[in-house]
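The following pair of complexes shares a single chain, subunit A, combined with subunit B in the former and subunit C in the latter.
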Partner chain A sequence: MKPPVPYPLLIAGLAVFVVALAFLSMIVGPATAGTFELFDMMAHEKADVAWMIMREVRLPRTALALLVGMTLGLAGAALQGFLRNPLADPGIVGVSPAASLGAVLALYTGLSTAIPLALPLMGILGALLCALLLHGLARRGGVLTLVLAGVAVSSLCAALMSLALNLSPNPYAAAEIMFWLMGSVTDRSMDHLLLAGPLMALGWLILAASARSLDALSLGEEAAAGLGVNLARTRTLVITGTAISVGAGTAVTGGIGFIGLVVPHILRPLVGHTPSRLLLASALGGGALLLAADILVRVVMFGSELKLGVLTALIGAPFFLWLIFRARTELES
Partner chain B sequence: MKLEGKGISVEIRERELVSGASLHLSGGELVGLIGPNGAGKSTLLRAMLGIRDTSAGEVLLDSKAFLSLPARERARYVAFLPQERRVEWRLPAYDIVMLGRYPHQATFGSASSEDRAAVNRALDAVDGHELRDRPVAVLSGGERTRILLARALAVEAPLLLVDEPTAALDPYHQLHVMEILRDRARSGAGVLAVMHDLALAERFMDRLIVMNSGSIVADGPPRSVLTPELLASVYRIAGSPPQRLA
Partner chain C sequence: MRSARHMSRRPIRRLHVAALMTCLSALFTSAADAQARPQRIVSMNLCTDELLMRIVDPSRIASITYLSQQPINAPLGLDAVASKLKVNHGLAEEVLMQEPDLILAGRFTSATAVNLLRKIGYKIIVFDPESTLDDMRANIRKLGEAVGEAARAETIIADFDNRLTALQAQIPPGEKPVFADVGVNNFIAGENTLYTHVVNASGYRTLGQALGFSGFRNVPLEEILSTRPALISTATPWTSPPSMSTMALRHPALRAIVENTPQVSIPERYTTCGAPSLLGAVEILVAARKTNG
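So, the complex of A and B:
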């Protein structure tokens, strides 16, 4: 099937959409510093305060929503291509749960208050350890081993996080862990951005290097190997790239679900089902979706601000159900 | 160009799937690799291609060590059509055939005019131009085999190894596929095909290699290979060779 829009046009359109949403994200805020208040401050003598809000609060928040959204979209597309399974997402190989566990341990042990940035660093460490484990387990096995190992790692991480909650010294500590797990880009500083940004970019480059092998894998592993695809190298690229980028992202924002699952799904027909072309499109789509979701949580108020991860799950899960409902004939064929 | 396997053995958990197999394939010939299920035909093919580890033996391409070449270079010399016919995603036939150009393209490169010309030649060869925009996932078995064969032809490698190209096809499509392979051999490529249909093998192949229990037991022109004694010992069937059935 031919893609309904030419690929360059699709990419350009998505890029314009992302830039527009990023701009919107810089100027839309909660009531105390809403759009009009911000412009009002700029027009009058309080321009300094307005710029400070923009630079210190909105910029890291916008940039993180964009980068993490791009990471989730890209990693989701790469994993779906590699595993040749439209239901794969960064959670399925255990990387995001492992990053969450690292961060939870930092919160639980109090390391996060003692050392600045201990929380994201522990998160990244968790993701990398998970990647090492997956490499060890999947070196001799195939795709199925990798997925099963991922499920096992996810379950173990979930169990250990429950243990941390169970043993947490007081309700406040437990609440802190719970809130962090919900996922958010609120109140993140430039330090978070500078720590996670370069790592995410590094992960993207590693994932991008696997792009053409993913196309060849559409023919199955044997035919791909016959075309000169190095399966072990491709697996290393996909696992490492996902661990570094999603690990770094999850470590600063907490768990944000469904972006990596839903975005590649929506965009796949638009790129003509080609796995390599889906990577960039999904990255832009993921960035746009997370920016939009983050703008929405600022505008819609239910007494307290809705957590970003809660919103993506609330919208993502029913949407995904609808996708499955619509595409079930195709999935079964 | 000549691909040569010398004393190839493949072991898995101390069970020998292929033991000391020696065979060769030269440009211009159409060779059938036959033998009962589990004889080790597909395993031998994979070992020759270097996508399966060997426990002994060597593979030579024009007397040079083939398996020590980089994977992509190997893929440019020897094209491979595996038995697996499943195609993931709803990729159109044209894009699937273009994947045959993978060994010729740079990691971040896009299709050159030479690549597009090769894809068109491959589609010509299988008579598949009217299928080019249709998703391979919805094609019939015969159409899908033609497109996947075009994918292997699009590599434009001097040698081609195909695993059961006529499996699950009706007689018309079986003949069509065999004619495509024969045309390929007549235009100078060396083609080695794993086959189960002895009548087709006898009719089309220049030479037959027979495998049984991991070893090569016969190699030669079809008429001298397909004897009643061989059918009895290898296939455990009593009967006359196919040329006398026809």
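So, the complex of A and C:
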């Protein structure tokens, strides 16, 4: 299918959009602190404080929103391509719930108050364990087994998180878990960025290695096998890449939904339905969407800050419904 | 011309040096002063807000949480002080802009922001939630020492204890009747909670003590109905805005008890924190004890 926009132009356009949003994200402060207050401080004698805020607060926040958004978009595109299922996203194969569960256990046991980085480390561990489990379960079965195994892992993780909330002896600790689960990049530090950044990049490389096979797979499993695609290798690449990148991202930000689901859907027609081309486009689109959402979270304040994951779901779900509705009318007409 | 310029620059340079010296010495003295007694204190927790406002002069408070300005949370008798202070919403960026020399935080509040601020190098003192009156006294002392007002902290503790003793003297003798607070989600206080210590200090036992458990627990309506409380509290600020917690209150079985039992209303803000606001709750309970025996 011929794309409506030339691919290089689309990528260049998305990249410009991402850079512009990242720039805006560095400029805009939380409404309660005065959106442009920092420039006042720079103009006057408090420049050092202003620069420190830029460096230590806004830079890691912006970088994490960008990288996590890119990770979610990329992993969503890779999973939808591999499973040939438009409903696939990192949540459905259980990776993000497993990462959340790891983090919740760090909060529940109090490990996270003792060691600040215990929370993301446990999250990453959770995602990797989930990937191992999926490998074991899906080795003999096909794509369907993988999806079903993912759904089961997801539900189990959700149940265990509820159990932690249920048994939490202290209402404050329970509230802390609940807020963490809503997802946010607020007040993350350079430590978080240095911990999750390299892992996310590693995951991207692994996912990118699956691009060719994804194109062949769009013709169906048998045709792909005829073209020399090793299905088991592709599955390993997609699951491992998703687990490492999404696991590292979720471990730092908490659950952020709908980006991995919606972004590939928006961009698929624009790349002419070519799965390999969708990967980079979705990564840039995901980065842009999460940056935009994080800027919005700062501008719209209701007493306390709105959580990023709440906002992406609030915008994502109705948008997804509209997409489905549009696709249906196109199919039926 | 050149020499004239040269001549004119000299005194100016000397003046610069003198000005610099004055500035530096001012900086050093104020730095030494700030070390002993922080002058720009930020509180990121509702409970440290109250203690801080009672212990230091408002001029030394850079900000408190926005919660302390809400009527539902306002600490007892501090509305006038709280309303004039700057607030924060637990965001690192806001706190940094307020250029604090000391940050007070709770164990469970804004953990990511607190970790970030600590990493940048700010001095942060973390307070654990209080589960006894002695915990409260210890936290008041800890905060007093942190801000260089140890004597003021002792005065506050002494005032609290005097007022408490005076109130306790009014409690009629006899066994402590059961006070049932079923306001919030049937979430009921048992042994070893601050709430129970306060209720005991006011001449009552809690429903949780009567049912014989420790900590907070969601108690089924059936168990609540199996007791015969002497006093009941149903109205809390949580009844508006509406929450699930109020559903239990509309249960017909509970209504029957509620209608036949004396009631009090203890605002949540008197029992949230281990702080002198607790006296507000003690006053209400002691008054109820005096009227109802």
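The rule is short, and it goes like this: the second predicted complex is superposed on the first by the 322 of 333 C-alpha atoms of A that agree within 3 Å, B and C clash if a C-alpha of one lies under 4 Å from a C-alpha of the other, contacts with A are read in each partner's own complex, and residues count from 1 in each chain.
We adopt the following convention: a contact is a pair of C-beta atoms (placed from the backbone, for glycine too) under 8 Å apart; a residue touches a chain by one contact, two chains touch by 3 or more.
As the structure is a prediction and not an experimental result, all values here were calculated from the model.
Chemist: Using the superposition described at the top, determine whether subunit B or subunit C touches more residues of subunit A.
Modeler: C
Chemist: Considering only touches as defined above, state whether A:212 meets subunit B (first), subunit C (second), both or neither.
Modeler: Only subunit B is touched by A:212; subunit C is not.
Chemist: Taking the superposition as given, does A:226 touch the first partner, subunit B, the second, subunit C, both, or neither?
Modeler: After superposing on A, A:226 lies in contact with subunit B but is clear of subunit C.
Chemist: Identify the partner contact of A:274: answer first if only subunit B is touched, second if only subunit C is, both if each is, neither if none is.
Modeler: So A:274 only meets subunit B here.
Chemist: Thinking of the overlay built on chain A, is A:112 touched by subunit B (first), by subunit C (second), by both, or by neither?
Modeler: second
Chemist: Between subunit B (first) and subunit C (second), which, if any, makes contact with A:52: first, second, both or neither?
Modeler: The answer is second: A:52 touches subunit C but not subunit B.
Chemist: Quick one: in the complex, what on subunit A touches subunit C?
Modeler: Answer in residue numbers: 29-30, 32-34, 37-38, 41, 46, 49, 52-53, 56-58, 112-113, 116, 169-173, 175-176, 184, 186-191, 301, 303-305.
Chemist: Where on subunit A is subunit B touching in the complex?
Modeler: So the residues of subunit A in touch with subunit B come to 1-2, 84, 209, 211-212, 215-220, 222-223, 225-230, 268-269, 272-275, 330, 333.
Chemist: Where on subunit B is subunit A touching in the complex?
Modeler: 46, 49, 51, 70-76, 79-82, 84, 86-92, 95-96, 99-100, 102-103, 105, 107-108, 133-135, 137-138, 148, 151, 155
Chemist: Show which residues of subunit C lie in contact with subunit A when the two form their complex.
Modeler: Listed in rising order, the residues are 66, 87-94, 96-97, 99, 106-113, 115-116, 119-120, 129, 187, 215-216.
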